[in-house]
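The next block holds one structure in the form of structure tokens; read it before the comments.
Residue numbering begins at 1 within each chain, and the chains themselves are lettered A, B and C in the order written.
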């Protein structure tokens, strides 16, 4: 069956495209892009006033299945992804059991195929059970489709073990993605060390606890040659380390989250909002500004959400006992549109690079371009939609967003995966 | 310790702006009363029921009555209820001294912690109780300005009993305006003033208000019956 | 005069006038506490729950005495020893308590921010009796009272706070409170016991040298070394701590003649305080602080539960 998307502004820096044109899709692929296209038979949608970009990818998401289905599952998490305009997500392996073998990879792929509303790219664990001491079955997992390895949620503390992970992973030509956290420094740190930890009377999570592991892992990338992807960089100096590594020509990439760019430690008030308890913690305004600058100047490769759903009851408790993490799939694009594109920090081109092009490249996924022959994974954006983030609007099982009440401009209205609509006019297609 | 603490307390409190803000208008009001009937936000003056001379004569009479009833000043002590009764008690004490040549023990009683309307009419400012003598075995004459519902006296009796065990307690008031809600009666009354419950009867004293008088006022919305507010009483 | 606070959770929400009113009210309660019958009927019919989710004998006793002397009905409720262990959440525990129709919760918890959470959930007046490493406002009030009683005013007072500042909820309230009252504050501790940003608490000066600071101080506030708070010790030995940061007999000569010594208790004799200083008849106000605890807690309960009506009747 054919699908014609008419009259939208098409933006894709990969092919130098930014103009109003029509897209003709057949059998899951783009057949033709041009003006005043006609088709004999099929569905035609008028998308004038909208923007179409290559389908967005969130390469850092916790879908929580298997094991923590009360927080989120693959069905609800991928619906939330589609609702946020994403055509693919990369699922982190810190489930229960941990995705550290081929069986786990196959399980996630099978569930995604059965109930998913977007593509699910599987990241396998680096170490068995995320224990940080024994190599996980990386070769098996790779053979069954794992596209990256990570112990996300914690850092591998032992430097020798980290070297072993990177040495071994190098043969599979997929990235090792690292959550940088030196436990000896961070301990039970709850909030950024400094003003926030002093003001709130809680243990500090120092910036250096992150930067030391970033520096160490960059050194190991130099030593091993393994592609390294630094997850959720939150500090100015951490980003500077990445910048220097790139200048040196090392295979290092990095990502930032909207919450680390658009929220700071100052947002945590006397109410001790547990929605703002994230790991790494919200940093200073200077750090957040440095991340935004890194997004603009190209140091940052990807914007991700670190979507970390938790049940209301888990978050509705003492700050120090509440779990780390906030959701993000359904606010990420709008936050970027409002605070980066709308604010003139970056253009749509750069946004597409950060949220669609780079994530696929880092994960060794087939590129999606607005060009004939490409897979028809597309995100349709209404750049003028003004909306307020509300709990009731989420399709995720969780509502632990730090942006509830935020007034945003722009959001995805339609999402297409292989030419099939997963969301149309803001509603998930069942 | 208590003496020293009080000294500190008032040295700090005297320059307080908030007291001046709060009480300034009443002082102006008291001065303007000399002209007779006037308006202010505490109500309309309806009539003057005791002037300065009548107050003086009443106090002198009460002093004589106290001495007569108690057969002299030997066993008696005067305890005034702050913030007007203690001033009256002081005036009574000086008259008793003039008559008998005896300085009777004189104290001030604050009943803030004993009120039964704590939740509805909470006044955060607590005054000092200062009874620098042992009341055990004494005949304590409680002194207040206006006797109305009797609730203040009930609270004062409770407060007094927590301080000691007097041989007897008597009550002296300058004005009894009726409307009792409790079985309480004064032993010494300056003047019975029939009043309506939508009126307020207030005592003003020369030392702090510029003139002495007992006034009947119409209550404005939100006003409560009771004695006129004053700045920190003398001696403080 | 008005007192518009419903809770005593964060001392930084209180103005100098508010704090002064509490101290003045506490002084009135001192008169009550000096009597043979040390009880007034003020809070008759009020129910105050002492929810102590962390072991505490001193603070709980002090609150309990304050409540009883105000004639409130008080209930001691050990949160962590009962419900939390059974898996009940804080929110459920508080809602259960509220179903008893209570008027006030006094809460001690090992986690920062819990009193505010309880205030939001319960809707009743909440007094923070110490939350994690965050604040302990009634401790700060009793410290202020003791200093005020001895020094007469806070004008130009220079207060030194010595010891485990980084892990101290006492400091979280005391240092801001001293700043609100206009004092100059110096914090003195080994760097391992300093908070990340002492300036955020309000400290004017930071030093690691007790001997240099002592001659300037009108009040020396010694903190308890909280040994239970550390995994790895932040100093090599208690002996070395005592030599560098303990208020020893030898340091007496460095102090102003009228300098006071405060300590929130319980004292580690021979560690932060030598017995000579702890029992010093002129300098030590440590027992006065304990007494002041009852007074300021009575004052706080009285003012918080009294409502916000600013009646002027005498």
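Worth a mention:
Just so we're on the same page, contacts are C-beta pairs under 8 Å (C-beta built on N, C-alpha and C of every residue); 3 or more make two chains touch, one makes a residue touch a chain.
As the structure is a prediction and not an experimental result, all values here were calculated from the model.
When chain pairs are compared by contacting C-beta pairs, B-C ranks highest. Here C is the chain whose Cα centre lies closest to the centre of all protein Cα atoms. One inter-chain figure worth recording: chain A and chain C are separated by 46 Å, centre to centre, where each centre is the mean of the chain's CA atoms.
Measuring from the averaged C-alpha position of chain A to that of chain B gives a distance of 75 Å. Work out the mean CA point of chain B and of chain C, and you get 38 Å between them. Residue numbers of chain B whose C-beta contacts span two or more other chains: none are found. Touching of two or more other chains is recorded for no residue of chain A. Across the interface of their complex, chain B is touched by residues 1-3, 17, 20-21, 24-25, 27-28, 30-32, 34-37, 39-43, 70, 148-149, 152-153, 302-303, 306-314 of chain C. Put simply, chain C touches chain A in their complex at residues 9-10, 89-91, 109, 111-114, 116-117, 120, 131-135, 169, 172, 195-198, 200-201, 231. Contact residues of chain A toward chain C in the complex are 187, 193-195, 197-204, 206, 270-272, 313, 316-321. Across the complex, chain B meets chain C through its residues 1-2, 5-6, 8-9, 11-13, 18-19, 22, 82-84, 110, 112-115, 118-129, 158-159, 162-164, 224-227, 229-230.
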